[in-house]
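One chain, chain A, links the two complexes that follow: it is found with chain B in the first and with chain C in the second.
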Partner chain A sequence: MALLEVQDLTTSIVRRSGSVPIIRNVNLNVDKGETLGIVGESGSGKSVTMLSVMGLIPSPPLAITDGAIRLKGRDLVGADEKTMQAVRGADMAMVYQDPMVSLNPVMRIGRQIEEGMTAHHVGKNEAQQRTLEVLGEVGIPDPPRVRDLYPHELSGGMRQRVMIASALALSPDLLIFDEPTTALDVTIQQQILYLVRELQRSTGVAVVWITHDLGVLARLVDRVAVMYGGRVVEVDDIEPLFSEPRHPYTEALMASVPGMHDDERAPLRQIPGSPPDVNHMPPGCPFQPRCEFAIERCTREMPPMLSHGTGESACWVPREEWK
Partner chain B sequence: MTAAISVRDLTRIFPGRRGQGDVQALNDVTLDVARGETLGIVGESGCGKSTLARLLVRLDQPTSGSITLEGADVTQLSDRAFRNYRREIQMVFQDPYGSLNPRQSVGRTLGEVLDVHGLATSRSQRRARVLELLAMVGLGPYFSDRLPRQLSGGQMQRVGIARALAVEPSVLVLDEAVSALDVSVQAEVMNLLVGMREELDLTYVFISHDLGMVRHISDRVAVMYLGRVVELGSWKQVSDEPLHPYAEALQRAVPVADPELEKGEIEAPIKGEVPNPADPPSGCAFHPRCPLAERICSERRPELVEMTPGHSVACHVVEREFARAERASSPPGMR
Partner chain C sequence: MTRRFFLKRLGGALLTLFGVAVFVFVVLRLIPGDEITAMLGIESGTLTEVQRRALESYFGLDEPPISQFFGWLGNVMTGNLGYSMRSGVSVASLIADALPVTIELAVLSMLFGIVIGVPTGIFAATRQGKAPDVVAQSFGLIGLAIPNFVIGTFLITITASQFGYFPNAAGYVPPWEDLGLNLQQMLFPAISLGIVLAGSIMRTMRSAFLEVSTEPFVRTARGKGLSRRRVKWVVIFRNASIPVLTITGIQFGYLLGGTVVIEQIFALPGLGRLVLTAINQRELAVVQSTVLVIAAMFVIINLLVDLLYARIDPRIEIQ
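On to the complex of A and B.
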């Protein structure tokens, strides 16, 4: 049994005039200790997917309108807020791009981490003890001193470490990272990637890493789900995904970043047009209007996810026929 | 080589806040950018790259040093006298949305620039030039009536570029010009920049934290750390054979979109963070984080020295190793 199973998940904007899906029929599995990457551009639905899993979508106007989310076999769709509060933190926790949004600016760091634990009925002394422990685990120098600081007294990298410490406090089985290094300098990003890998080794925690950075995927994750227009269009292990993508969007995305070792600097591959808007989804496959391999069927019918070797992809045109 | 811009010993010091030292944002930076050349400038927060950009386009004035444009030291000119030079050098900003008036159509935004610089004598001439500028950046004439919010990120950045081009500059300063864009849109804007450079014979100063993009577009690259240039060389020298320990750490820290190359363990990162520019370390500013640091590194600041033709580095250790290798390879009698 997978640690996290997301099955046919559809999350929609629900209005009186009707509901508009922003992610559709999303299927994801995360095994114990695994690192899954979710990659996509703005508006692809990658953050909404994981916020749905966390039960943190702003509702209303958003609501899960179909599908199931199971964490350790327990269905979370339709679970009441009390259950979700018990699950968040203890079983899974999320780290966001901007720690300043998640941290309370007028509360000392230690107290913020402790509160997360006392809300889960951890005793005060134990929570204080654990706070020092997790601050140390995430590589914060001198935890007893940093515990008493306010968020603004730390650098961006240190704040992100605090967020990771807080997420680790109750030893969850799953950590969800939403673009946690996008705002950080690259040498600091490297420190965070290194830290996350170390934590996985020492605690066996599973990780979902949301990003738009293909390099970070290649460095960190085992498996990738590619999202486009609110759908997962391809899932595969990291190596076959890069060497032999089965979805034209994946292929185009890979070709649009400059190589770091090429001797010749050819023009980058552009994807014509722009990503679709949820209110005006094209019929059939969401990528079809921008796809150079699209056939008539693509404009009528959404292709199903079909298995092949190590992964699955949703495209009517097999890779061998891309010309 | 005719230089489009020459920067000499450029320094910008901001007065420190109460109880703090002055912030040395830019220190003794000397650079030449040849006509038609693209100089990439790469570095992390606080390295001075944006301060340099602002000084180049005179959004700020240096504490000392000079910037020579078209044979004149523009830092010595009055605002009035600078007007003749302002057209030569234009800036494209990171956030295209934040730099466009949300209530003004694209056509009006561009037309306004033409008016301010007296580049349009009649309405019809202005209109024609606006359409020409839009075409230059690959936008159809109907974009003239659009408002910024009706544009995608890539289209907005195209408008930002068109606005910079409106005054027919010879130099564009691109400050993180593609950093806020989606991956596929970055490709679109980068291709546009490369194409325009050839077509319009432009000189670029391409400032970015993104090593991949800098490597892709630059002829030469300067690596900055805490207000100083620590390495300067051709794009291949700097990105593929970096010499300065910081440039090397930076290159290793950038993850490559290739699982084959990224296989195996994640390399241990360099320790620490960029120090406070109000209280910079003694000697080489990188020494507290440097894996090669020796005693001399905390005592004396290394100068930027040319190690191989066109490739300069400011590092005591690299300099000594090069000197040693040279001695070893020269014939005995010559020592």
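On to the complex of A and C.
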């Protein structure tokens, strides 16, 4: 049994005038101790997917309109608030994109980590002890001092470490990172990446790492899900995905990342056009308006996900026929 | 809280008071009519030039304005607020009688504003767009739009003429003599002043609560598995109370201004009434010092608000 199973998940903007899906039929599996990367351009539905898993989508207007989410076999879509509260923080925890605004500005760092534990019935003393421990684990110097600081007294990188420490506090089975380094500068990015890899190795925690930067994933994850226009269009282990992508969008993404293309001399190419708007999805394949390999069928019919070896992809045109 | 922060605010407060002192002093000397004429009425016309000068000299009115001003300020610093020309009573004792009335009125109005405004603001925010929200918002707007003296007059008219109930008719009774009657006398004035406050606190509370609810750190709190209750009160309310505190501090100035009119309507012998009477009688010493005391109240409240601020919002200190 997978640790996390997401089946046919559809999350929509629900309005009185009707509902518009923003992610559709998303399928994801994360095994115990596995590291999954989710990659895609901004707006492709990565955050909404994992916020749906956490039960943290802003509702209204968003709502899960179809599908199932199971964590350790327990269904989360129909779960009541009490169940979700018990699961959040304890079984899975999330680190968000912008550490500058993700911490409560009027509460000391230590209290913010402790309150997550006391919410799950950890005693006060034990929570304080554990806080110092996790602050140390994420590489924060002098935890007893930092514990008593307010968020504004820390740099962005330090705040993100605090967020990670807070996520680690109850030793969850699954850690979700939503572009945790996007708001940070490059050296800090490297440090955070290194930290998460070490944590993953030492604790065996399963990780979902969301990014729009394919290049980051090579050093971090076992498996990659590529999202486009609210759908997963390709899933595969990292090596076959990088060496032989089966979806033109994955191929195009790779061509836009420095040092990732087969042919090192080929110039970097931005993907022409722009991602689709959830309100105006093309009827067939969502990538069709930007795809250089599109055939007539692509404008009419949505390609299904088909297995091939280690992965799956959704494209009418097999790699061999791309030209 | 750092001592520097406190000293800076204290310095600002003193500067404000000095500004008020200058302003009052100048304005009072610009309104036509002088103290001697006001005191003696028609008879002042019969004063000879020599008599008038003697009187002016006796009251210190012949000195140049600058030295009058600093003389007054110097006296105020040593606790001497001057004397009423008419009755010879010290301004300090006039204020000592009137101040508790105004403080009680201000505190009760404030309490009314907070007790009504904060819960309804939160209630409305948590039912955004639904019927209770719309109703609460409309009442908030009405409360803001109606001038306090209209509310006061309205309350008096209804209760006094329709039900024959007018506790203020008996003359003001301090709380330590008859608390029950005192509170009855204070109820309507406090409501008249508190309604506007309740309206603005409610609207500020509502919008701040809604705004804070969408902040990423609220999602973080939920993501840790905190209960809805804890997220609402410990995370959202605490952050949303910062702008409410600001607006309450600002509204306190309005409140003090409002007491002048409301004390008049409800025959309460507070500072506002003291000033108004003194202005009519050109009792410059009384007006000057009383206005200064009112300004001091305002400044002290704002200082308290600032200190409270720094307690709630740790980011304040670093500025």
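Definition applied: the second predicted complex is superposed on the first by the 314 of 323 C-alpha atoms of A that agree within 3 Å, B and C clash if a C-alpha of one lies under 4 Å from a C-alpha of the other, contacts with A are read in each partner's own complex, and residues count from 1 in each chain.
As a convention for this text, a contact is a pair of C-beta atoms (placed from the backbone, for glycine too) under 8 Å apart; a residue touches a chain by one contact, two chains touch by 3 or more.
Because the structure is predicted, anything quoted here is derived from the model rather than measured.
Colleague: Sharing chain A, do chain B and chain C clash or fit in the superposition?
Modeller: Here chain B and chain C can both sit on chain A without a clash.
Colleague: Scan A:54 for contacts with chain B and chain C and give back first, second, both or neither.
Modeller: Second partner only, chain C.
Colleague: Determine, under the contact definition given at the top, whether A:254 touches first (chain B), second (chain C), both, or neither.
Modeller: A:254 sits against chain B, while chain C stays out of touch.
Colleague: Could you look at A:185 and tell me whether it touches chain B, chain C, both or neither (first, second, both, neither)?
Modeller: The first partner, chain B, only.
Colleague: If you count the residues of chain A that each partner touches, which comes out higher, chain B or chain C?
Modeller: It is B that touches the greater number of chain A residues.
Colleague: First (chain B), second (chain C), both or neither: which does A:85 touch?
Modeller: After superposing on A, A:85 lies in contact with chain C but is clear of chain B.
Colleague: Is A:193 in contact with chain B, with chain C, with both, or with neither (first, second, both, neither)?
Modeller: first
Colleague: Determine, under the contact definition given at the top, whether A:214 touches first (chain B), second (chain C), both, or neither.
Modeller: A:214 sits against chain B, while chain C stays out of touch.
Colleague: Put chain A at the vertex: what angle do the Cα centres of chain B and chain C make there, to the nearest 10 degrees?
Modeller: The C-alpha centres give an angle of about 80 degrees at chain A.
Colleague: Looking at A:106 after the superposition, I want to know if it touches chain B, chain C, both of them or none. Which is it: first, second, both, neither?
Modeller: Only chain C; A:106 stays clear of chain B.
Colleague: Between chain B and chain C, what is the shortest CA distance in the superposition, whole Å?
Modeller: Nearest C-alpha atoms of the two chains are 10 Å apart.
Colleague: Which of the residues in chain A come into contact with chain C in the complex?
Modeller: Those in contact with chain C are residues 54, 56, 58, 81, 85-90, 93-94, 96, 98, 101-107, 115-116, 119-120, 150, 152, 163, 166.
Colleague: In the complex formed with chain B, which residues of chain A make contact?
Modeller: 41-42, 155, 157-158, 185-191, 193-194, 197, 212-220, 238-239, 241-243, 252-254, 256-261, 263, 265, 267-271, 274-275
Colleague: Applying the document's contact rule, which stretches of chain C touch chain A when the two form their complex?
Modeller: 214-217, 219-228, 230, 234-235, 238-239, 242, 312-315, 318
Colleague: Given the complex with chain A, which residues does chain B contribute to the contact?
Modeller: 44-45, 152-154, 182-188, 190-191, 194, 209, 211-213, 215-217, 236, 239-240, 249-250, 252-262, 265-270, 273-274
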